[in-house]
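To start, I am sharing the structure in question, which I have written as structure tokens.
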């Protein structure tokens, strides 16, 4: 059984590496999560258990891959930002992407029962992943801002939509029609006047998504144990970044 | 919150497509599975439960992605072969790869308790994936032959190694030294003379790996339900392929 | 002057290789050749000197890169087909593409005066190149057929268009309008009834483009000198390929 | 002649774009230029005519592609740096690379007789090209420093080597042996003590290579005509960059 006569097939493999000195972002997205959420009784418009489970998985990923400086999650997606000079897997993009993605996916099933104790998972979910490179701090911050602006737009819509459906009892189609071409201010007004909801008082987790970073080490105790800090705050403005200067770091 | 001013970051994404009219192989590999196997009491040299679990996951993947014509698994790896003319995700390689990989990973945790009822999973595992293109039937068969030749070489070694360790009671290091530079015939002889094992009578699942293909539809009953057939046979020689001509199909 | 402190910049280079066992096609196209043709008094609709110059350059390229099995040219483009198993530059696509392209470009200036003895070249032209992979003989033949079908469509149009402009004396805009939405049969009819031109009697070089292949070695004389054969024939139908079976060769 | 049945072959083409917001460097290299130089009687160790011809071609390239901010040449190579935000050919790397490369190649033949009036070109030369991305100004400057450090190392060696061969009359092999494992200081000493050459007084063009940038527009006269400025100076230290701040520009 001549093994060697077959081994030429390895030459068909490729091995792309990420451009050096650029931020590496891996974003994972749930595949068909509308269906998955319905099949598992997710609450509308936001299910805290579901979001907490996503963040639990993200922590597992960050715990394994210590070169991730910051992660940002919302809805059924999570973005992981590797430091610019990471040498993980020699920066081979496919290795980085598939290891992060599969660990997230297996964690999702693994930790499921901690968050959905009374709901048996009906089938294992898939996630897709992509890897994107950003050369500058500004590009990276704009990427994260884009994701946070996305959650704002979607969550305001969903909060209004599900208020109409669940509290007014109108149909999905009717709610959709009513919200067509409305501005953010219109939706805020509907929420306030019809449901007595001040959107800005909605939970920050729902409005801002979840940001994970490593806590600074406690240098007094010289402890090496690193811990993750969880934020549900604005990451578009400068404040967050000024308070955590070490994330973007002193790269040149 | 000007969403649009951030959206330019999407232009940093890439979207590579697989060359048309080529076989697409996605191979997944367990990450650090030696450690995982030890942590979960896998039997040596082969753990049927572990192999059956892998095959259960592979079936889940094939059930979801019907353009997979054949899958081949051994040890902690599985290869999935998409038909040459698949248009899944417009042949975008990253989408295909990460969806297959994450579904396999989540299935692994999902189905775990069916195979390891008495062992709690200690932590969720990761898998890496790669995608490889093969232009001809010969190249594809050589790829699968390469993987099957690999299981032969490894399993003969492992069977002999663990016989020495478990039945002779010598140390791992001693067993390793004894097997250095031995030929296949030497290992067969050790197994036979010292342990009364005829290697060729060892279970085919361990010696040949596992092949999954779709059963031909029963045209009499006009049933559309497709089922998966499981084989532990030689796929290097022509016999298997002659008996299942439809796998490689009439491509030109 | 620490050279080594800068050398890290080499890591930013990439090195993509062509998938093995696939046909490699390099197609070069003149950049802005409408303008170039006008600036140098090319005859309309076809300038034999210009086509002959292109073919002279293609011969120069084939003479240098002996793994090219066939080349096909028309208008301001030429396609070069490397044999499936070429190992030129380890199949690095950028090396193959840029060497072929630049040699073609420098040849174009070098041989210019042999074909345009009385016209001084006004400025040096640029060419762009691309590299495309085709896994099967059928795909490759379809590629070449596509290019030859293209010359047919364009040349029939151009022949009719320039007959109207040059012989009828109508303006470009009028000729364009007249030919809008005409079928091939309409154009043939215009040529025949108004200009007494039977399109099928037009020079084959204009209607079929130019095909270059290596002549079979004369085995009697055991001469090793290879020579290029020039054809202006149909390469869409089987006849040409049956007569030159060695081009596509016995690959599996 | 069904054109459409062949057009599917276009789907085999790929279209990679350069990562946005990164410096794009195209470096071209003469193919087999040792042989070319010998065949055309280039002077040793440096032929001013040859270098001037290269620079003439580089100017032609910069004149055509106005998004090139700086070019640097030495020996048989030239690097062209496109501004970070160029949108030339939608940043398609192959288009950028092959157009620059082929225009350089055709220019080389086109302008040949202006520099080598008495030498007929024996054959048209080829050039290979590559495209490299650099995310930061520092990376870009380190790239250019790397190329200039390269010319220093090579030119000191070549100047010493050819002094030994041409003025001492020893063989190439003897000169090579003598210079093995010598340091820069050793070569300087040989040049000074044996040939009365102070290396630092050698022409800057040979020691520093050639840098091309656009002259700042004369804002007083409001003339739009841009002109190229030629330098043979150090571009490793800050001085050059401080004097021409607009090259690296105010990118963020």
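Per-chain numbering from 1; labels A, B, C and D assigned in written order.
In this section, contacts are C-beta pairs under 8 Å (C-beta built on N, C-alpha and C of every residue); 3 or more make two chains touch, one makes a residue touch a chain.
Model, not experiment: these values are computed from the prediction.
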item	value
Separation of subunit D from subunit B in steps, with touching chains one step apart	1
B-C against C-D, pair bridged by the larger set of C-beta contacts	C-D
Centre-to-centre distance between subunit D and subunit C (centres being mean Cα positions), rounded to whole Å	30
Intercentroid distance (Cα basis), subunit C paired with subunit B, Å	46
Numbers and ranges of subunit B residues touching at least 2 other chains	8, 12, 14, 19, 21, 133, 139
Chain-level touch network, classified as line, ring, star, complete or other	complete
Partner subunit B, residues of subunit A touching it in the complex	1-3, 5-10, 12-14, 28, 31, 60, 64, 94-95, 97-99, 101-111, 121, 123-134, 139, 142-143, 145-146, 149-150, 152-153, 236
In the complex with subunit C, residue positions of subunit A that touch it	8, 11-12, 14, 16-17, 19-21
In the complex, subunit B residues that touch subunit C	19, 21-22, 133, 135-136, 138-139, 251-252
